Amino acid sequence: MSLLEQYALLLALAIGIVGSVFCLYTLARAIGPTRKESGKDVPASSGVLSRDPVWGRYHARYYGYALLFLAFDMEMAFMYPWAVVYKEVGMVALLDMGVFLAILFLGLLYGWSQGAFRRQ
Amino acid sequence: MLPLVSLTLFLPLVGAVLILCLPKPTARTVHSIAIASAALTLVGALAMWLQGVSGDGFSQVEELVWMPAIGAAYRVGVDGISLPLVLLSAVLFLVSFIYTSSLRDRPRAYVALILLLETAAIGTFTALDGILFYVFFEVSLVSMYFMIAGWGHEDRQRAALMFFIYTLLGSLPLLLAILGLYLGSPDPTFDMRAWIANPPLEGAAAMWALIAMLITFAVKIPAIPLHTWLPAAHVQAPTVGSVILAGIMLKFGTYGLVRFALQMTPDALRDAGIVVLFFGVVSAIYGAFAALAQTDLKRLVAYTSINHMGYVIVGVAVAALTLDPSVRAVALDGAVLQMFSHGLVTGALFFLVGMIQERAHTREMGEFGGLLKTVPLLGWSFVLAAFASLGLPGLAHFPAEFQIFLATLGTTPIAVVVILGIAIIAGTFLKALRETFLGEPRDRWNKMPDLSPREILAVAPLLVLTVATGAAPSWVLDVIHRTTLALVL
Amino acid sequence: MTVVIVLLALLGSAWLLAVIEGWITTGRLSPAAPLYSGLAHLGRESIVPRSPDRVFFEAAPVLLLVVAVLGMAVLPLAPDLVIADLGTGGLFINAALAYVLVAVIMAGWGPDGAYAMIGGWRFLGQLIAYSMLIVMPITAVAMRAESLVNTAIVSSQESLWNIVYQPLGFVLFFIAAMALAFRAPFDLPTAEGELGGGVDAEYTGVRLAVLRLARLTLVVTLASATTVFYLGGWYGPLLPPWAWSLIKTLAVAVSMLLAGRYLPRIREADLMRWCWVLGIPLALVNIIIVGLLILVVP
Amino acid sequence: MTVVLIVALLTGAILFGIGIYGALSQTNLVMIMMGVELMLAGAMVNLVAFWRFLHPEAYSGQMFVLVVMTVMALEMAVGFGVAIARFRAKGSVEMEEAEDLKG
Amino acid sequence: MGRDLALIIPEIAVLLTAVGALIAEMLRRPRISLIIAVIGLVVGTGLTLRLLGTDTTVFGGSFRIDTLSIWAKLILLPATVLTMLLARVDVRGSAREGTVYSLLIFSTLGALVLAGAGDTMFLVLGTLLTGLATFALVAYPDTDRATEAAMKFFVFASVTTSIMIFGLSYWFGASGSTLLADLPGIDTMPLAVILGFVAVVVGLGYKASLVPFHFWAPDAYEGAPLSIAAYLSVVPKIGALFALTQVVRDLPPETGWAAVMAGLAVLSMTYGYLAALVQDNIVRLLAYSSIAQSGYFLLGILAVSSSELALPSIILFAAAYAAMNLGAFAVAAATGRSLNDFAGLGRARPLMGIAMVIFLLSLVGIPPLAGFVGKFMLFGATIDAQFTWLAVVAIINSVLSLAVYLRIIVPMGRSGESASVATEPWHGVVVIMAFSATLIIGLGAQFFLV
């Protein structure tokens, strides 16, 4: 299979699943409709409705991690190609990545020392 | 063999550094150091004078590697055109320090600035490298600005600004011209001797360079119509500032005219000679008329400077126009001698006006009268200087102006109308003398003291030199003539 | 053909898993219970809460199901029993599983309910904690296999399974996989005790059925990934390759369920702290150890 | 093949266009950052297309894509850092409310 | 490989210094952090001296060890040291003091990468590295104004950088290589080359705060601590301008880039000084003046392929600019942010006053100060490259600049109620060093003309 065909297959698979789920939904509706009744559609909040959208109430308190995460996640983009050719290149690759990881790790330590891991 | 030129050049700077480095010196110490270094400078200048010039090109050349990569170096030396101006600078600065030695308002900075200015002045006259010349040319501007801004009269900030902006704006075209000369030379160098020996530019490029130079020097000289900064600056400047401004810094312009415009773009100047001549004539006559209209003594003297400098322009223009080397030599002799004399005479005049102002706190001629009786020494000195200025035979300006007119007559006779200027200047000074020194002495000025020994020491050398130059000009002219005669254009 | 087999295997595994889950929780072994439960959900009302973000609300369960299946699609059951043996299979599974986060956040945001919202955002925090522990061990695996092709990764373990070669990586990956599947003790987004179901809370009827199915599938996919990366995939004596794959996958999945049962739920802050302070340095150490091993032991 | 290349380049240009429009028209820092992401995505599409269709032998094209990804991620990281600092200091990340510095 | 590493030893030293400073900060020892930083950078400068005269490339042509990049190190590393001393006063005792030093060094490393860039990817990475560190530095005080400055800076930076990357993608398409040295080989797709060039001008122009990409500069300078403003006006700017030089060196002349540079130069100089004329805040004034000074750099850059004077003039002016601008900022740091604070400075603290006058006159270009020699050479290069009109415009602008700087100088002589703040010793040290540098560069320009 060519690369393109493989991806096409994966796409078809995804569409197929969406389609079958849709069929399931149609089936469910065919079995019995949902009746409109007042109070039924209140979200789970002990029956108390909030006037404002709820998203204002939640604070992401982990952004110290989040910033570090971005850096580390990016590092992986370099590590995958590196990992594949690692055995071929050998020692030099280990040193290269060692330096890279050491600096990155230093960033982690720095973040830690500056309280990035404290709950804000 | 001592590096005389460099010694003379940097002695004042050493003095300035010394003054700035001393911890909390008294005013007396400051002035003593200043006078001592200026005196040493004068000794150096005299030594240079004794060494003399060879006539062919530059003498006493001293050279030091500076920026070989771009062909710039520290090069100094003198010829017959610059040597008298160096001597003039040394003398004028020395008497200025003597005059200013009574100053008690921040003397340290003031004296240091003047010393810096002295180095800049001598440097401008002795520099043989394009960059070096420009450096000194501009440094003088800065120190003069601070002198006027810091120690001038009522409206000093404005006048200083005007002076600064005018002359800086004016000097930048010169920078372009220098760059043009540099890039035009076959083997790029900033050596002015090379530029003089083989003028690097020709055709339109040379004309553009000449125009740039003329703008710069016209501002500095100042020539009509770029002269408006001069009266303001003079009126607001402290006395010593005026003396140096008129006595030396105006010469930067005329010196540059000879050194750069005439020697480095000779063909272009020959083509444009008539125009330059025209501006010279207009400057001379306009300056004379403007002087006539003044009631303020200092402004009056300032405008006579424009007149006298106009003669220099005429002389240089004639030198460019004529084809006869002997006529050219005469014209240039006159022009250079005129610079020298003007420095002496105007210096003396500004000193004397300054002394009057110090005593009377006014410069309006109408408020004086009969001063010759109350302060005879001052009065007679002024009379002598005024007569010198109006060109009386036997005094400094006469031989100079005479030679200029002579050469003009031989080349472009029509330009001799410039003689009109002499008549008007004569009228001007006679009017000034009558109003200020003759007539009935007024009661107001009865208590006016005559010259103090310090002031006599300041003025007397100038007057003596004025008489000496006028009566026996040959001691200066010989030096000048040796170079002008050998000048090949 | 392959597609059908793999999908059937996936469904079958999910069903088995549901049965086993029921067995563990209730003590009764009733193979038909998941089917009944699914059919019952079909018949129930599927309520849409008031003022939802309709697109997010509808898309979340489907997306979760899709990414779980797509993840499975690149994992081999046998040398030729794989839907798409991509050249970047190891990376693709990462990419697919990253959408779990998107789906969960959509499920949290969509219904505009407080519990769901908190559950969704919590999962973002959880992702920040576990995500590096998924990708870093996979790197170490790829280093040994010199490839990101999943079949090649399995082949590289013919002589020695990765669980022996890099046990540290296995432990980290296993834990991270549990967190990714948000099973207990990492079920912060759905925490029954405190959030009343969290992201599940607003789903009813057929939508809930799809969501449940998706979560079960996700567990199977992750177990299969663990098998491929660490347990030598289809290798094993006597039985055919696909059977070994299925057995190992189910074993891992069950062990995930069991492990969660006996551990208390971890606080979000602690999870992040441990993952970053302990987990990531350990993952780096794992990479270095593997690197040295590869150089020293050819 | 060139048709595909042109389509890809057009896609890149359109992404870039949308991104720059967003970055210039939005006032919320986070929205601006999304615009910037789109611009970079456009550049990545370009790079990949050029690499794939014109210079398949030049691995530097792939490297450049990685570099652009890094740029994306780090700019976002620092951008959020700035946004958080701003939010703490001022309680808003609207550009239009940023007018203390003028003159 | 070994050779390449040996050639980038100064960069490695800088990196290690940054790391060392960071480690000291993690141990809560900001003083030691500063000491490590200063020593490390001085050592880095010393290591660079050994390389003088080298002209080669490393890592397959992607990084250049040539006159520009070597002088970039010799200029920027000492400039960073001076900034750190200034910053010491601003951040002493605050949390994360050592971080500031470390960030400064990282940012300088980015500027060095830019200055030696031989590859478009290095342009991107250098821009990124300098940019990221400086956003954080600007936001450091965490106040309303600082964060606002950082936010504007960031938005501008990220948008322009993205534009640059997008344009660079076309360069890759046109040449099939990311090396700048491969650009002259392009003869097809001129449109792609022009697109790329425009984009590079946008990306580097923002960093060098050229008009019309300058909007962030005055705000960022004003909101940031003074030492950081001084840093922004010198190090990243010189890095970006050197990078621009590296780029246009290889650009085929038919693209007409020189004319674009000339236009930008005129815009930057004129607008910068005109805007500076109406500022009352000394920091904003210096910001606009630094915008104008960037325009002067362009005079040299546009001549880079047609005049031998160009490279030395850019380097010389960069050195001069670093010295005088840092000096002016240091005096401002010791005096105050308003023009009124300068009234009477000359009388109250004559040495500060004299130093400030020297710095400003040097910025105008009065001989024999550093600024003059630099500008002189730049004009020479411009005329040599047949852009005489541009030299004339630049000279007229110099006069305009005089008006700008006199607005500071004139009140200094006045007897005024000058703020009689005690001078911080570090301010004094920086002023003295910048002062000596301004004089020495002016008089010893030869040294820079290698």
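Per-chain numbering from 1; labels A, B, C, D and E assigned in written order.
The rule we apply is simple: contacts are C-beta pairs under 8 Å (C-beta built on N, C-alpha and C of every residue); 3 or more make two chains touch, one makes a residue touch a chain.
Chain by chain, the UniProt names read as follows: A = NADH-quinone oxidoreductase subunit; B = Oxidoreductase; C = NADH-quinone oxidoreductase subunit H; D = NADH-quinone oxidoreductase subunit K; E = NADH-quinone oxidoreductase subunit N.
These figures come from a predicted structure and were not determined experimentally.
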Task: Chain labels contacting subunit C and also subunit E - done: A
Task: Steps needed, at fewest, to go from subunit A to subunit B (Oxidoreductase) via touching chains - done: 2
- [ ] Report the chain whose mean Cα position is at the greatest distance from that of subunit C.
- [x] B
Task: Chain pair, A-C or A-D, that carries the greater number of C-beta contacts - done: A-C
Task: Closest chain to global C-alpha mean, per-chain Cα centroids - done: E
Open item on the list: On a C-alpha centroid basis, what's the spacing between subunit B (Oxidoreductase) and subunit D, in Å?
Closed with: 65
- [ ] Just give me the whole-number Å value for how far the CA centre of subunit A lies from that of subunit E.
- [x] 41
Task: Centre-to-centre distance between subunit E and subunit D (centres being mean Cα positions), rounded to whole Å - done: 26
TODO: Please compute the C-alpha centroid of subunit C, do the same for subunit D, then give the distance between them in whole Å.
DONE: 32
Task: Multi-partner residues of subunit E (at least 2 other chains) - done: none
TODO: Any chance you could list the residues of subunit A touching two or more other chains?
DONE: 66, 73
Task: Which pairs of chains touch, using the document's own definition - done: A-C, A-D, A-E, B-E, D-E
Open item on the list: Under the stated contact criterion, what part of subunit E meets subunit D in this complex?
Closed with: 120-121, 124-125, 128, 132, 135-136, 139, 142-152, 154-155, 158-159, 161-163, 165-166, 168-170, 172-173, 176-179, 218-219, 222-223, 279-281, 284
Task: Of all residues in subunit B (Oxidoreductase), those that touch subunit E in their complex - done: 65-70, 109, 131, 134-139, 141-142, 146, 149-150, 157, 161, 164-165, 168-169, 172-173, 175-176, 179-180, 182-183
Task: Touching residues (chain side subunit A, partner subunit D) in the complex - done: 63, 66-67, 70-71, 73-74, 77-78, 81
Open item on the list: For a test of understanding, state which residues of subunit D touch subunit E in their complex under the given definition.
Closed with: 12, 16, 19-20, 23-24, 29, 32-33, 35-36, 39-40, 42-44, 46-47, 49-51, 54-55, 57-58, 60-61, 63-64, 67-68, 70-71, 74-75, 78-79, 81-83, 85-86, 88-90, 93, 95, 98, 100-101, 103
TODO: Spell out the part of subunit A that touches subunit E in their complex, as residue ranges.
DONE: 92, 103, 106, 109-110, 113-114
